[in-house]
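First up is the structure itself, then whatever we jot down about it.
Which chain is which? They are A, B, C and D, in the order written, and residues in each are numbered from 1.
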Amino acid sequence: MGAAARFIFRRRGSNGRGKGWHWTDIVTWVWLVCGLLIMFGPAVWLGFSSFKTPAALAEFPPTILPYVTQEVRVEGYDKPLALYEATLEGGGTRVLAEVRRIGIVSQMVDPNAPGEIIKVNIADRAPVRTMSFATENYTQPFVQFDFVQYLWNSVFVTVMATLITLVVNSMAAFALSKYEFRGRSVAMLIILATLMVPLSVIMVPLYSIISTIGLFNNLWGVILPTVATPTGVFILRQYMLTIPDELIDAARMDKASEWQIYWRIVLPLAAPALAVLAIFSVVWRWNDFLWPLIVLSRRELYTLQVGLSIYAGELNVQWHFILAMTVVTMIPVVLVFIFLQRFITTGIAGAGLK
Amino acid sequence: MTPIASSSPASNRRLGSILFVPVQFVMTLIDAPLRALQKLTGISGMAMFFLAPNMLIFGIFVLLPLAINFVYSMTGGTAFFLADRTFIGFDQYSRLFECGNYLDPLSCQEDAFWTAVGNTAWFVVLQVTLMILMALGTALILNRDLRARSFWRAVFFFPVLLSPVVVGLIWKWILQRQGLLNFALFEMGLEPHNWLTDRTWAFAAAVAVSIWAHMGFYALILLAGLQAIPKDLYEAAEMDGTKAARVFWRITLPLLAPNLLVVVVLALIKAVQVFDEVYVLTGGGPGTSTMFLTQYIYETGFASQLRNPGLAAAASILMGLVLVVLTLFQLGIGRRTEGKRKR
Amino acid sequence: MGQIKLTNVKKSFGAVDVLHDINLHIDDGELVVFVGPSGCGKSTLLRVIAGLEKVTGGSLEIDGRRVNDVTAAERGLAMVFQSYALYPHMTVRQNLAFGLENSKMPKAEIAERVGEAARMLEIEPYMDRRPGQLSGGQRQRVAIGRAIVRRPVAFLLDEPLSNLDAELRVSTRAELAALHARLSSTMIYVTHDQVEAMTLADRIVVMRAGRIEQVGTPLELYNMPANRFVAGFIGAPHMNFLRGDIVEHTPGTAILSLAGGYRIAVDPGTAPVTDGQKVTVGVRPQHLTVSRDTASPKVRLGLVEALGAETVVHGEIYGERLMAVLPGQQGYRPGDEIHLDLQAAPLHVFDEQDLRLFSTAGAKAKAPV
Amino acid sequence: MNKKSILAGLALALLTGTAANAGDVRVMWYSDGVEGEVMKDLVNRFMEENPGINVILDNVAYSVIKEQLPVQLEAGNGPDVARVTAIKDLAKHWLDLRPLVKDPAYWDENFGDKADWMRPDGSDQISGFMTQLTLTGGFANKTLFDQAGVEMPGPKATWEEWAAAAKKVADSQQVPYPMAIDRSGHRITAPMLSYGANYIGEDGKPAPLDQGAKDFLTKFVNWTEEGVFAKDVWVSAAGNTYRAAADDFINGQLAFYYSGSWQVANLATKIGNNFDWVATGSPCGPAACTGMPGGAALVAVKYTKNPKDVATFMDWMAQEDIVREFSERTLFLPAHKGVVEKGGLNFETENEQAKAALGTFVEASKSTSETALKLPAWRWADTVYAAIVTRIGQTLAGELPLEDAFARIDADIAQKVKDTGL
């Protein structure tokens, strides 16, 4: 336990001055380590699994890392043969290559001495496995699957929806936080009440509206219903309430028009809340699945999440592709989070959620 | 790491100014007509202008569907478009409420609806209580004098970023009969269990997975609240020799109350709407033990063999009423605490 | 340039009337201070003049033009806010230039005006900082600078010194006065601090509960307060008030009887007084002197504040509280009893409606009866 | 063109999305395996031969076909051609190709016997053709049987015999479950028919569950409770959600798995060399030894703007050699009479077990019962399937006693029939 360990395990034990481990230190570290395992573990496993072959995915017991049976080329055989570790009758084990299997008997040869066939009961052999990454799970979809097109659609939907969300919601939040007018509280009440309408509840009428106004099979049909999110208006309004009214008075005295006040004073000052909304909007829109699936049924319009779902057939699901593409689709979200994460706490703290 | 971190604000600013030029140009362009508009409407009239785009989109894509849904709930048949449907009044509602005994869903005509209602109620109570306790615990721990706090914060927040479908899939692979958890139990010499096909365990799994997916968000809000509590209060308490538990009950909790309220309300709303991740995880099974209201509405109105949009709409209107009650409850509490603070 | 005229101006928020019939005429180049306790409507009046609040009734004219319906931006006024209201995301330079840019001024002229203001206010060293990086005093200068660059018809200042510490407040007050002298433009200044009002103002407008109580130069207000409120508000420490009545009067003389039976004779001038009239007599603490005459009212001392150059004593006289500012160091202790001379002090006599009946110059040699 | 008009054009293009061009044929297609690839190939070949027609293949999830396509069709949206399984339900949306195809007689000759599955009752419409025919049937893990030393029941063996044999195997080989059947109304209908069930009432509407149906369901529930049938599959979802047990079979966790011919390719790739497996056909009941036929059809949609091009495309796809090639490459059973009669399909697999299995299914199709053949063309089949799966699933999860389940199944079906207002 050197300085490094002391540094990492800095503890509170009566404000770090104490000597022993206070019970809260133990709770803290147990909690954090369990948290790390439970929160990150599944995702890591997902990452490794995305490199498994379809057979390895269906396998039980599952492995953490992707393994495949090792194969060797043996003289006299056209195809590479699988290697097994066989337990022989007289005891002792040998690494043998399987030539063919008939019923419960496996015919094997020693790769170094391919002449003699050894018969082994299949219960007495275990495959020799090496770690191998099935990168074709990634490369194949890129070829077959119009990955670039789907990516572009996803990016278009995410960026457009986020931009419009930010502009439209911030305008509304500005009006609701900095103006007195009749109907303001009614508007607020409606927005609050609809905070909680889940999509699946209004899906049927929404679908008929979209198809009536001709937005069916159109990316805008995916974008528009999501942009007037009450959550966004709510978060931004709470934050804007904390911007002093005197600033707006000052700007009015400075001959700024209301529009200028909005975009030169209020928007820059609401940046932390806008960042929070931007992060959430990107995450939401990027991950949207059900609604795009309903609106888009043309290949050239698919978003990544919809594109992914085509691997789910009536009778079979091609998990290996789904996993790999899931990992790919997670990357942008994780990047956005890494770059903007410092805004999240400050933004949430400031966004009137306190 | 260090050089990147130190150079990033500058590069941010540069990037910002590159982006800023065209935006500024557009905004200035818009300004001229808007000044004219402002002359016409006056300053307070501009509020309507700012509100209009949001309200327009909101009206078309949220309020209008809600209104149509109400009309739907008064019509029958399997047709999808309103024009093709026949008006039947409140029959759909009476069908939902046709029950032998309201405490036993199986005695009802629409037993699936009442099962879903019961499941949702249980889920909301369990999930919200447990999640908030855990989020509070996490926030308290993250608020301690930790090394690499932002890393730990990210660890707990990370699942919030995942799509519900991914969350459902991951946990399905972990919890299914041949999943990772059973493998781990097996390796440790314990008896594997079929988690997702056992009614109790499947429900517990739905609660646990949903907590896993959302807890980070609430922990973050609570953490923000904890960090806003002035440090000198704790110092004063220390001077008074107050015990840690008492500090928690008498200082931390009361000062965190507004955040807790927000968290409870948001979590309640979210819990009532539970669908995606549980749907992927259990499909509503085993039997109907994890089928929730939203799934019932989705399947009845959209995904079932013979869809019945009217019945689904009626169910969604009932669900909406519950949600409105929750909102009013929130507004009520919010106002009362605000009032208290003023006094 | 810079005349402001208010005629019967009214302002109400919903059912609440905040300003009642305000009539006021401000001359070009004048520095007028609105003073009054908080909630008296002085800030609202300033915002009404600024155009940030719409008047509900009456008329508001700037340089003879009726501006009731003219927006704040077009009235040509500049305002310094109590919180300074500097744009936190802009540098000092941008803060100063923002208003000028909005009126589409050529860049060169903006730069010139900003530079000039910066020189005048000595804020050049931190022109590229943001407000968050400035001290309170620096921010205050920037706020004034932002007003100056606009070359407004008039400056409106809303408690601009209230966020500064005491020492800085005094020096900035002097600078403001100098600035006014230099710019010689109209300024309207709102404060709740009567010392600020007295030191800065050409004329003071004393307000209470949405009404103007008195308008006048500082000394007019000090010497001839129109009512008991103004008398009590102007001057520090505030004026002592003693209950009394007029026991008898003849032209040129009125005998006042104070509580405890102590009587003094004063000259009511032409004021209409009647025998038996109940009055309040005001006397400033500075005007009280110690008397050796044991017939003078006896005061039992409470708190004694020895300030070095003067001594402030708090006492009680016939059941009424009284304060006196005595020159030099007196060496009194709480519990001591002293006699104070009322006769020599200028007195202000108010009727039952608290309106001023008359003031005496003091030292009117009439022997007590 | 100045900047503004470019911008305006761009905006317009973004707003209107992609409008349908003349000569476009949109095909909505879902895949269970490699058929998407094969189809892509065929489509490319078609476009080379017919340069005026642009076929766009939209690969979608099966759930889109099942859940969203019906809604699109009702709104008059939808693609020009689709690969669909609910072909009877949606029959009113299909285009009549009779006046459009080159040789209607060829269609009648080769696809006539299944044409009823996809047209409105009582018409002689040509809506499309079956891209594949499926037949339900069993698979046995031969290696497990060998290891256990249990004789595999013969071709005419009953469900009871299979259950007994599989139980023996599972007990001796420590396999978690002897048997499994997919969570699907279509799958479970096969043994129910073998037990003498008939869903179709005299008026053509659903009849209440008969004795045959109840007999098998009772046995099934009992077997599941005894651990003969895998419980997981049936309780791992609510409602009528489909679940396959293929993964358990692939992992050697089952001795006998009842699914269908479409699993052959899947099993071949995933099981590989791990164990030997055989297709067994459908076990017998007292009434029959039938499997359930089914399949997916490629149909033309009425709302197309280019019916002529659609017909050209359909004609091309329905050619005998194309159908043959499609079947050989996808390992699907063909539904083309000519192809079937000529036989000699050379399935493109090196896996001898897969070839043998496909042979078994072709053979088994001959014992398909009359009722089984009627069901795919029956409008209410899916309704009955859904009710059975939903309620039996609840029974297996312990929520609903079997008797109540029977009552609920009848009530559910009656309610649905009433809802449609027919």
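Everything below uses one rule, namely that contacts are C-beta pairs under 8 Å (C-beta built on N, C-alpha and C of every residue); 3 or more make two chains touch, one makes a residue touch a chain.
According to UniProt, the chain labels map to these proteins: A, B = Alpha-1,4-digalacturonate transport system permease protein; C = Multiple sugar transport system ATP-binding protein; D = Alpha-1,4-digalacturonate transport system substrate-binding protein.
Just so you know, these numbers come straight off a predicted model, no measurement behind them.
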Intersection of contact partners for subunit A and subunit C: none
Common touching chains of subunit B and subunit A: D
Chain pair, most C-beta pairs within the contact cut-off: A-B
Centre-to-centre distance between subunit D and subunit C (centres being mean Cα positions), rounded to whole Å: 92
Distance between chain centroids, defined by C-alpha means - subunit A, subunit D (Å): 33
Chain centre separation in whole Å, for subunit D relative to subunit B (CA means): 38
Centre-of-Cα separation between subunit C and subunit B, whole angstrom: 56
Touching two or more other chains - residue numbers and ranges from subunit C: 71
Junction residues of subunit A - those touching two or more other chains: 60, 207-208, 252, 257, 260
Residues of subunit B engaged with two or more neighbouring chains: 43, 80-81, 178, 302
Chain pairs in mutual contact under the definition given at the outset: A-B, A-C, A-D, B-D
Residue numbers on subunit B that touch subunit A, as the complex places them: 27, 30-31, 34-35, 38, 43-44, 46-51, 53-55, 57-58, 60-66, 68-69, 72, 80-82, 137-138, 141, 144-147, 150, 152-166, 169-171, 173-174, 178-180, 183, 186-187, 212, 216, 220-221, 223-225, 227-228, 244, 258-259, 262, 269, 272-273, 275-276, 294, 297-298, 301-302, 309, 312-313, 316, 319-320, 323-324, 326-327, 331
Touch list for subunit A against partner subunit B, complex: 7-8, 10, 12, 16, 24, 27-28, 31-32, 35-36, 38-40, 42-43, 45-46, 49, 60-62, 167-169, 171-172, 174-176, 179-181, 184, 187, 190-198, 200-209, 224-225, 227-228, 230, 233, 252, 257-260, 262-263, 283, 286-287, 289-290, 305, 322, 326, 329-330, 333-334, 337-338, 341-342, 344-345, 348-349, 353-354
Of subunit C, residues touching subunit A in the complex: 47, 50-52, 71-74, 77-79, 81-83, 85-89, 98-99, 102-103, 146, 150
Complex contacts: residues of subunit D adjacent to subunit A: 14-18, 26, 28, 30-33, 36-37, 56-66, 68-69, 71-72, 75, 77, 79, 85, 142-143, 146-147, 242, 244, 246-247, 250-251, 253, 262-263, 266, 269-273, 276, 296
List of subunit D residues in touch with subunit B within their complex: 63, 66-67, 70-71, 74-75, 89, 176, 231-232, 235-241, 243, 247-248, 251, 253, 382-383, 385-386, 393-394, 396-400, 404, 408, 416, 419-421
